[in-house]
Amino acid sequence: MLRVGIIGYGYWGPNLARNFHRHPGCQLKLIADLDLGRLQKAAADVPGVHVTASVNDAVNARDIDAIIIATPIRTHFRIALAALKADKHVLVEKPMAASVSDCETLIAEAERRGLTLMVDHTFLFTEAVQTMKKLAVELGDLYYFDSVRANLGLFQRDVSVVWDLAPHDLAILHYLVELPVDAVTATGACHAGSRVPNIAYLSLELGGGAMAHFHVSWLSPVKSRRIVVAGSRKMMVFDDIETSEKLKVYDSGVSIKHDNEDGEYRMQVDYRTGDMVSPALANREALQSEVEHFLRCIDRQEKPLSDGQGGLAVVRVLEAAQRSLERNGERVLL
Amino acid sequence: MLRVGIIGYGYWGPNLARNFHRHPGCQLKLIADLDLGRLQKAAADVPGVHVTASVNDAVNARDIDAIIIATPIRTHFRIALAALKADKHVLVEKPMAASVSDCETLIAEAERRGLTLMVDHTFLFTEAVQTMKKLAVELGDLYYFDSVRANLGLFQRDVSVVWDLAPHDLAILHYLVELPVDAVTATGACHAGSRVPNIAYLSLELGGGAMAHFHVSWLSPVKSRRIVVAGSRKMMVFDDIETSEKLKVYDSGVSIKHDNEDGEYRMQVDYRTGDMVSPALANREALQSEVEHFLRCIDRQEKPLSDGQGGLAVVRVLEAAQRSLERNGERVLL
Amino acid sequence: MLRVGIIGYGYWGPNLARNFHRHPGCQLKLIADLDLGRLQKAAADVPGVHVTASVNDAVNARDIDAIIIATPIRTHFRIALAALKADKHVLVEKPMAASVSDCETLIAEAERRGLTLMVDHTFLFTEAVQTMKKLAVELGDLYYFDSVRANLGLFQRDVSVVWDLAPHDLAILHYLVELPVDAVTATGACHAGSRVPNIAYLSLELGGGAMAHFHVSWLSPVKSRRIVVAGSRKMMVFDDIETSEKLKVYDSGVSIKHDNEDGEYRMQVDYRTGDMVSPALANREALQSEVEHFLRCIDRQEKPLSDGQGGLAVVRVLEAAQRSLERNGERVLL
Amino acid sequence: MLRVGIIGYGYWGPNLARNFHRHPGCQLKLIADLDLGRLQKAAADVPGVHVTASVNDAVNARDIDAIIIATPIRTHFRIALAALKADKHVLVEKPMAASVSDCETLIAEAERRGLTLMVDHTFLFTEAVQTMKKLAVELGDLYYFDSVRANLGLFQRDVSVVWDLAPHDLAILHYLVELPVDAVTATGACHAGSRVPNIAYLSLELGGGAMAHFHVSWLSPVKSRRIVVAGSRKMMVFDDIETSEKLKVYDSGVSIKHDNEDGEYRMQVDYRTGDMVSPALANREALQSEVEHFLRCIDRQEKPLSDGQGGLAVVRVLEAAQRSLERNGERVLL
């Protein structure tokens, strides 16, 4: 039975703890946090768990096989590296680390030691995204991926809205669309006294003429969580605000023919508007599926669906977007 | 009684004709189009109207005081200039012309002759935008203007989606927000065999740290027509797809305080979520209000709400966006 | 070529006129109305049409083959009967007449003379209802039909909301569901100074344990036009307020098994929640399809889809509902 | 500090337990249920709580001041009466009891002993209903109350959909509208093998010409939870499915004038369509407010907002509705 320790018991840690605690295939043995109040809460939430304020002790605990990291972004690399070096499997909160080179170091360390390194891209484990993945082959050639994730709130102090919200949608892009990101252009603004951008727009050039665009915002009067994936044959819309029919697949499209008969240029456009299908989605908590996946990947030494490479791909775009933002929207090649 | 001639009887011309025909303050005397079938339709639609295939005759007709131009964009400048030189008032379809310099020439010509030059930015005359204009002062400092105008269809052959759809929202931005546009960054793509971009994202730097963003698309599975205008005190959402409650005003916002007491940096964020008000909107056709406004501006020699300067402001951004698109999203300063 | 006369040029008459006028298979020769202003409008709308204030002349005009009746309900019977007796085919506005016996007289007269008698149940000719009819066989056994048609406005002076709004949905029920109506219970109220009920609820017992319910209102703050048809295998929702995806078919249901093993009663409920499909609907004006259907039925002597029997079925329920309303919701057997 | 025992740990019991457990003003000491599995869960959920399979022991426990009853409806009366007779305060799940006379007995017993008897009409404690109560005075004279509560699922075995779902909306009606219910007419049907009605429509005659209508269903393809309260001056819509803007207040209405000048009857209708306001609602769990209210009522000997009389009013309508259903929609006077 896998023995698990969680480091970080702030906003997300309790959700991880609840799911690891109730999973019969592992044992949640330890929770670490620097804050005493949080440790008390951890002790109350998980009967019998060992709590500690020492990250070092946690990472090196003898009776722990896997470390789950739910701390602020800037600490991910240091803790994950220490855990890997102590021969623990690692599941790290998104984004994987604060830089591409840190991600690469972690990947190399995990590979060298044959350890599982997984990134907590929770959305990949939702029924909606799993269903999108199955349907992606029906879309034909990818035209574009367009995402909006906006809300009023939680302004962060040390990371911009790009590092906070975009990882969700970038991870979904990377999972659904197996195309390289060639370039990133990002614009944004700091409002209401914020020192980091609280609204940003990312434009990505993908291979094959496709593009992706991300609108992330902490300052929207209405909540939006919507992804459109459009292909040459079909288009999908995933609207996570909806309480039902979150995913819709449109059998719609356009095709254009150009001809030049008798010396005159003509363009003929055919629109196709077919049925829309909203697939039934099972009602399962994503985090539960993710915990199960993590345990199975460790057990069978399989590559996680959200492995280090996926985490790296996301951070690569985040890093480029930040550089673009700092240079007033300059195009950054990858 | 003002005597009016319409040039161009394709998609939009019949709407203009219907509204000028039924207005008691003017007389629709002439309709010109190169296509004979359209002229037949014009003659059937407007009893007693004179029809002609000669734009030249129309522009120079002695018994006409004002020329309404609803022809393809590339012909706007030539026809409008000829009409002004023949001492006619001019109402020209959006966008005003295909270049900034053309717009400037038209403005100068109209001014020299004391003629009314108005651009058909129809949306400015909707009850929704008129109400937004009244409410704009309550928003406080502008944070951002965000617009999405997307649909499946009408691919155009010779102009991109930027020149086709963005003028609507750029005109609304210019009307509501009296801030200069300092720079434009645009990205987009050509899909489905299109030779011009059919999806594009425009990012505008406005004075005072505010920004604007426009998403225009001919290739969306679902129709969207939504504008968010967010200020330091209130935020407005105009959703033109809704059949009722198109406009919503949110008494919501965020304010952030930073302090550095006892050597440690702290950030305090206050969220305010107040009531939402959806103002009742009168049910009047925008084009009818616009025709009335055009006639009154001529009669009283008043500056139209959508005058040449407004048309120029829109074209200035379109031109910059096109340049940015051609240079892979390079930032273009204005 | 069939020669057509329209009697009544108030709210609905102009729509009928436009569609008959532009159909190539008939000739709109005559429009009658008691109001001179309306006759002037008719003359302007339909070039060359003959107008008259004499219903008698219209009904007996020698050069007319079919009479379209768009007058107040209480006059339907008299005019329709006169038209049939003058050997004209008849299309009469809904509801067909003010009583069951009047409907029966009209049906008998039309049959005796071999004339086409059709009722203008326009909704039956919408793409949505046509598609519902095709899909109805997939529903399994009918469980219930539930409809809400509510709005703020058009209070009528002489007929209640039941006679005004319920005919639409009753006609759809009759068309989709081939079950007899066994009993009607209706409740309602008169508000805001109205002397006839402006809100009403109709409950119908259908054969086979199925039921139907109708909520009609002139006094709702929000507009609703929604029909649910639920069967043992599938369920359909038609929401006519939606601008897209008006029709949705749910592959969902419930089945219950009772058993009594080992002396204890048990009930097992199985819920099935499958995909939802929203069929693409062609974008055709219902009235245009209806005019075409009327002409073809006359030409080929076919039974109209909304024939006298359909009109009678609707009036039978209306009459029973009115009786129930007058008797405080007493159940009225049919 | 008030000492609390909960009887019944099925669907709703754990929610009650969680809220009583975490409230600092009371002590959750005991949980009773006949099912051992549930008792184990209770023991795990509430550290230190005493669990028992004996309802009798629970009701008579010496160290308990208040009993919370979350058992099946048919047992409410017996347990509540025993608890009152053991001098405990009582909070009983809705509906209060299975008959009017049982409710009356409980009320009398509580009064005689000076004990607090409260019914768990949770919705009354939501921010939405609290806000509706405050706004109710602005509505003018009540015209109607219309409610729809429909879903696919939870078919019950021993009670009909009326006893299961209608108490929520009947309690809201009773709380918002201080008008007597004069008569009830109910229709419904049993589908899918159910032996009790799974869909029902209740029509209530209220004093002063107002009416109320309730649509409850376990067999709807889409979830609905919507209440409209319409008055002579304003109308409110509470849509509990919405994730935001659940409550909307419309400044809309109709007024009708009749006159009889110069011998001819005329009816003039004025429609007023004003702004819509959606009040901001605090984000507080209703059950938490309810627990607080229960404790305060006991402490200060105040009448609960959902007291026995409220519970009785609801059961009175339920009983009448059931009788009406059994008699095919016969009108039942109260």
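Chains here go by letter, A, B, C and D, matching the order in which they are written, and residues are numbered from 1 within each.
Going forward, contacts are C-beta pairs under 8 Å (C-beta built on N, C-alpha and C of every residue); 3 or more make two chains touch, one makes a residue touch a chain.
Note that the structure is a prediction, hence the values are computed from the model and not measured.
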item: Common touching chains of subunit D and subunit C; value: A, B
item: Pair exhibiting more inter-chain C-beta contacts, A-D or A-B; value: A-B
item: Inter-centroid spacing, subunit C versus subunit A (mean Cα positions, whole Å); value: 52
item: CA centroid of subunit A to CA centroid of subunit D, Å; value: 42
item: Length of the line joining the C-alpha centres of subunit A and subunit B, rounded to whole Å; value: 38
item: Set of subunit C residues in contact with two or more other chains; value: 222, 273
item: Footprint of subunit A on subunit C - complex, ascending; value: 245, 251, 273-280
item: Touch list for subunit B against partner subunit C, complex; value: 47, 222-223, 241, 243-244
item: Complex interface listing, subunit C residues touching subunit D; value: 143-144, 146, 152-153, 155, 157, 183, 185, 187-195, 199, 201, 203, 205, 209-211, 213, 215, 218-222, 228, 230, 232, 235-237, 248, 250, 252-258, 267, 269, 271, 273, 328-331
